[in-house]
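Read the structure below first, then the notes.
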Amino acid sequence: MTTANLWDKGGTLDPRVRAFTVGDDWLLDRALLPWDIAGSAAHARMLGRIGVLDASEVAALVAELRSMHEAARAGEFTVTEADEDGHTAIEARLTARLGALGRKVHLGRSRNDQVALALRLLARDAALDLSARLGMFAEAMFAFVDRHGDVALPGHTHLQAAMPSTFALWGQAWIEAALESMRALAHLHGELNRCPLGAAAGFGSPVPLDRGAVALALGFSAPQRSVVDVIHSRARLEGRLLHEIAVVGATLEKFACDLSLYLTREFGYLRMDPAFRTGSSIMPQKQNPDVVELLRARVARLRARHEEHTWVSAKLPSNYHRDQQLLKAPLLRGIDEAREALDMATLLPAHLFPQEPILLAAMTTDLDAAREASERALEGVPFRDAYRETAAAAPAPGQSRGVPPHVADDARSELSQSRGECTRLRAWTLETRLTLAARLEEALGPMPLP
Amino acid sequence: MTTANLWDKGGTLDPRVRAFTVGDDWLLDRALLPWDIAGSAAHARMLGRIGVLDASEVAALVAELRSMHEAARAGEFTVTEADEDGHTAIEARLTARLGALGRKVHLGRSRNDQVALALRLLARDAALDLSARLGMFAEAMFAFVDRHGDVALPGHTHLQAAMPSTFALWGQAWIEAALESMRALAHLHGELNRCPLGAAAGFGSPVPLDRGAVALALGFSAPQRSVVDVIHSRARLEGRLLHEIAVVGATLEKFACDLSLYLTREFGYLRMDPAFRTGSSIMPQKQNPDVVELLRARVARLRARHEEHTWVSAKLPSNYHRDQQLLKAPLLRGIDEAREALDMATLLPAHLFPQEPILLAAMTTDLDAAREASERALEGVPFRDAYRETAAAAPAPGQSRGVPPHVADDARSELSQSRGECTRLRAWTLETRLTLAARLEEALGPMPLP
Amino acid sequence: MTTANLWDKGGTLDPRVRAFTVGDDWLLDRALLPWDIAGSAAHARMLGRIGVLDASEVAALVAELRSMHEAARAGEFTVTEADEDGHTAIEARLTARLGALGRKVHLGRSRNDQVALALRLLARDAALDLSARLGMFAEAMFAFVDRHGDVALPGHTHLQAAMPSTFALWGQAWIEAALESMRALAHLHGELNRCPLGAAAGFGSPVPLDRGAVALALGFSAPQRSVVDVIHSRARLEGRLLHEIAVVGATLEKFACDLSLYLTREFGYLRMDPAFRTGSSIMPQKQNPDVVELLRARVARLRARHEEHTWVSAKLPSNYHRDQQLLKAPLLRGIDEAREALDMATLLPAHLFPQEPILLAAMTTDLDAAREASERALEGVPFRDAYRETAAAAPAPGQSRGVPPHVADDARSELSQSRGECTRLRAWTLETRLTLAARLEEALGPMPLP
Amino acid sequence: MTTANLWDKGGTLDPRVRAFTVGDDWLLDRALLPWDIAGSAAHARMLGRIGVLDASEVAALVAELRSMHEAARAGEFTVTEADEDGHTAIEARLTARLGALGRKVHLGRSRNDQVALALRLLARDAALDLSARLGMFAEAMFAFVDRHGDVALPGHTHLQAAMPSTFALWGQAWIEAALESMRALAHLHGELNRCPLGAAAGFGSPVPLDRGAVALALGFSAPQRSVVDVIHSRARLEGRLLHEIAVVGATLEKFACDLSLYLTREFGYLRMDPAFRTGSSIMPQKQNPDVVELLRARVARLRARHEEHTWVSAKLPSNYHRDQQLLKAPLLRGIDEAREALDMATLLPAHLFPQEPILLAAMTTDLDAAREASERALEGVPFRDAYRETAAAAPAPGQSRGVPPHVADDARSELSQSRGECTRLRAWTLETRLTLAARLEEALGPMPLP
């Protein structure tokens, strides 16, 4: 038997239409459930504040929502296919437990702004969580650089050996990219930190809600100004989050492409822990870096999540359309998959080992050609002439002189700046997340004394 | 406990790497299981044919595979997370039941070509299945045209009322698009109908297989010529299938856009069966065409499946890379979602009702302006002058003269041609599918007498 | 005759390969020329500062670069197909005019970081410029709301009339979206405001440059820390700019979708100035909103620019690859096309006229159902029961009571806050842009006295 | 001064709106001009056939169109910004030369179906042209295989050396992919080979045209059945062509990825003609395969063209919208860019040289492990046991035994089949193209005697 729809007016919905419209929404709503419940508690408290519910009603609703929240976290309360969605499941359970009181909680709000709120809370948390994981990836890379930073690495351009480099320069690049994304997520957190509740169907609530109070209770900086834009901004803000995830992905992808190359027999610059390698069903000798290839492929999937989200939201006139239901899957999956990819990338550096003899042999004198031309130029030959002279002179065979000291020194000092910024960003992320968690805990907590 | 990997050589794989590399592959492999088993039976028979297995070994393997096939269809045998993938699950069960004989079946093949084969069989079937469903969508539209084809409809360009049209002209457009996709799928079926088995890791098998025999046994027109291209062609052929699915989707999307518009209060050209409409949680009066919006949104998802597939397969050097594992999800989901979308689109026409009074009122005289200008021109006025005269003359207010008879006649005669083509294409699809099913049945059947 | 390549060492390049590799790069480089010249002047000054060039050499180079800059702006100096690219054109002209001195300017830098610098300067400016244009779009919408904000508009959900709204609520949504993008561009400006110069080929310069001095001279907040990441960050930062452009586009698209709908005969909510409408070649009566459809279609193109950029940069190992040349076209075109689309969207509001009689007739009593249910609920009936009672009661025919006063009041107060934020953001944008322009002017100006 | 619009009725269009709506359409229309003129000639002849124009009028129009066609091909007649588009330019010139007769030619048709026809003719030709170029790419690869096919190449999976291969097996893969695309283009040619003319604005022409006659005159197999679908099918058919171009691109991309790898110092499997290599502005020693990287990057662009086309056409209700104007750019550019990429890929094989000593050294005994395990298995050990035994045994160091004879033999015989198919497909393409060219020539030729 299916739970009665919130919009049930006595008619009968064709079961094939029901199945098609519900889709896997009930499954996806499971991830939203705790956020939806916390938001409902804040809404109920606010209805009390404006005098629509009395104190005992609020207390009863909040107590029931708190126990529902615990049940949801323990997996004892969930959304099933019989419920149309999580909002229905919550109201149905409130009504089952509290009778008429349960049927009061929806006053002044719509499923539209309820889902907007739950998703905003989830996305706000995800922005901070991904930032925290980026910080851990950066830390893993700092540790790699601490271990192997001084090892020489031929720097390539066009995949052709070009100039001397080191694993410190190489490692630094991934760290900077991570910090840039952490800053972007901090900006995005600021945008996500506005409360949508009160938009109702997108034209404001027919009830004079106190939007400021509910925003405050949920840790938001303010209510979102435009009620029409509550509906519109969902796709924009989620889209920016998914795009930033794709940008993070692009960094992991480049990292995976390097590993794939450096782990070949032909390059041989790195060796990977055998516990990280897999085999072939037909070739007994194979030890493959499947984990690296799948890291790259998962980034492909992250990009597709962003595109899926964009396709669903594009070319719709203003206000709510049911199409938006299909924004949930790419958002939720994209966030989860980004976590998995980041965690794997964080695990890898400790299991990679530069192969020094091979690397040393690869540091050949031709890598010094730019430096030689520059040295001639520093002695007064116009650079372009020095360039041609150097090109004409056969470079003496042998080993490169390595990275010039000032480049190495610069890298060291920059790494130490990056380390400082990483620490600051991680601290801010952690603190903000704790504050917000405490706020939600309070919203679900016992009523403050009058 | 996990099933021993086919490539197990005694080392230990880090469990986090195992989890990351397996992903949800085991879940997706469930859909491949029946195809993989049938392919394995054909492979075993061929090993018998070239003398590598003796007749009793083949008989035992085929019998066991047949029972596995039945178990798989009945849901009694499946792939679990403990298995790395479906190929491992099959070989493990054969070995558990038949001992040493089970460990013989993989001779001469690789998981690479095993998955290539299973996916080829699945995609070949999907091409025919989708074609069959397109045929049913076309039939539903023929029936709609039979019922309502003569009802007048203002034809729009730029969303502005333009010239007289009818629901016959409107319905015909969807039918032609469906037929075009059926022809494309028939072409694609021809491409998919080549047998990849025998490529092994992509460089041919070290065992002198009889590739022709196994191709024949599985109903393929021939073995695929190039063993390297067996690996490369997977992404191309699946990509073309997913693109054709997206093209079908674009037609359903346009259909949904029309419905969304015609079902508004402002247009009011169509009414939809109340059993197909859903409501709002806050606005008691609402009756929304959610099913139409979700049909449109699901097409967005179909496009994203194609893009996901392209992203995963792009920019890889030749031969196999583990990235290809992530091609499975968009392919399998894309096929399933296309079926659901097509079936819903097939259901809709019987529940749509042209609103004749509204439509009649919308057939205003200005829609006749092009005809008036043409009539003046047929009397000898240069068309461009007639155009300007007509534009200058205020059109007498009132009702349009309707669709000119020859346009209506043309539409009728074209529809009858389309009906014939639809019947032929449906028959071919059905017949081909039955033939192929019979062939697979045989491969899993008792050994033919010598 | 072609200009000698900077990398010319005496060999001969196949002309077909030359044509293929140069492509239309020379054409695109025209937009980069002024930025490249200004960057070259700052580089030359810095070479003086570190004692590599003497004061008179720097003065001669800067004077020549200044005149080149003027010539470039006046269209008297440009890049031609015979030059490989803009960098070659600049060095060739310096050499032609200044002899050996011209061949000295490239010391310590590579075309890689030269193009990185020119693009960074261009993108930094574009971020501010687009923000300024967004501010103008917001102003146009404020003016529309001032004129027509009180006119009632039926608010739709699912494209079905839902609740009372106004053109103030409608207009506010576009303004908020614009402000959000202005804030995003300000964040992005901060990221773009780091100086890439000094990375050379991506492994640092063989010459001990003063990276801080050149950054300062060009108005950057600091040099970019990691030299490897200078190369990597190009795709990320440009990608974020193009994505933000696509987000702006999504807002314009939604606006265009609304107009397309409201301008139909069937909706009729808006009328557009005849000077903005176009006609049909065959139907004399037609007056089409082509401008609105092309605005929507141009957004499609903006999204494709972002995707093109992502495709080119994806799945490349670390460091420079020539693929990056093809990042230029989508970036430069995307920026230009965004300007055109924004400017057209800014022009439109003054030419749109709400059709009050039609709108009034569309404000029917059923739009009050949610308010009625809420009023019953405020009197104590549980909301869900009130909802069902309201659904059952036939709404009295007639005209809606309109937007509740508190919603209207909220909108007014929020609009006034938005106006304040818009003013502040516009001022910051303008000021920052002026400061940066002055800095570049200085870099190209006469040498400061010692 | 601008050419009078075909839809001019005396009003004034805002010049900014005009600029925005015309865009670069006039530039793109230059490519359509010859097809549009030929289509106009066939239309004029058909107007004669149905008695709307008399024989002398038809003769005068066709003669003028023929001279216009010659002028267009010679670059003496073209579309300028002052013309709204090519259709306007043609009618304006006819009217300038022939007076009132010029104003008669548009009778019974619309710009909608005029552009549909011109694009159909262009796309039909492009499908054949691209097929012909694919044939040339295949021939270049056959020649490469003839020269170097027997050279051994370590076959990789997961980018790890796996099993013995040869350049014949490698080359064959690109050939098969080309043949598959040639077959796909032949199918697509069949779909493109239906005549859209007569749809007018998408609801049929108010004039009783002879659609069969005009189709026949232009070499089409038949008129396109549904007039509504004429408008809809444009995006579908062009989209399929652009997708097939992207599939061709994916093959060239994989080829470029292989070259990029094989040309590294670390792999060193191939050497490229110095005349195909380019240099660095700072590193005198560099010789880079830029051409290969740009080939890969251009494929990225081809994918983006397809996506741009899809974005523009998506989510539009039925019938014509001005958005479709923006379909032209990605179609025309995609076709041109595909030609350039194919031609470069065809040029490359003759300038690539396998480096035999390096390749021989890379053919190590571990590549024989699968064969060894299989040999044990052929002697009766279950394959999985043989696999483990082989894995445990340390492979004797030294050189691989090379590709097994039967794999080499199979490749040779398959290559010969491919050669046959390539010849047949090329012949069909050439013949079809000649026939169609002759038909158009006739349409523009002198009137046949009665």
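Think of it as A, B, C and D in the order they're written, each chain with its own count starting at 1.
In this section, a residue touches a chain if its C-beta (ideal position, glycine included) is under 8 Å from a C-beta of that chain, and two chains touch if they have at least 3 such contacts.
What you are looking at is a predicted structure, and each value in this text was computed from that prediction instead of being measured.
The fewest steps needed to get from chain A to chain C, moving only between touching chains, is 1. When every chain is reduced to the mean of its CA atoms, the largest separation from chain B belongs to C. In this assembly, the C-alpha centroid of chain A lies 33 Å from the C-alpha centroid of chain B. Note: centroid distance chain A to chain D, computed from Cα atoms, is 39 Å. Within chain A, the positions touching two or more other chains are listed as 6, 8-9, 106, 156-159, 162-163, 200-201, 261, 280, 282-284, 286, 288, 290, 293, 296, 303, 307, 311, 314-316, 321-322, 370, 388, 391.
Taken together, the chain A residues at the contact with chain D in this complex read 156-163, 260-261, 263-268, 280, 282-290, 293, 311, 314-316, 362, 366-367, 369-370, 372-373, 387-388, 390-391, 395. Put simply, chain C touches chain D in their complex at residues 5-9, 11-14, 16-17, 20-21, 23, 87, 106, 109-111, 200-201, 273-284, 286, 288, 290-291, 293-298, 300-301, 303-305, 307-308, 311-312, 314, 321-326, 329-330, 340, 344, 347.
Chain contact summary for the complex, chain D toward chain B: residues 6, 8-9, 52, 91, 95, 100-108, 112, 155-159, 162-165, 169-170, 172-173, 175-177, 180, 183-184, 187, 191, 200-208, 224-229, 232-233, 235-236, 239-240, 243, 246-247, 250-251, 253-255, 257-258, 261, 296, 303, 307, 310, 313-322, 370-371, 374-375, 377-378, 382-385, 388, 391-392, 403-404, 406-407, 410-411, 414, 417-418.
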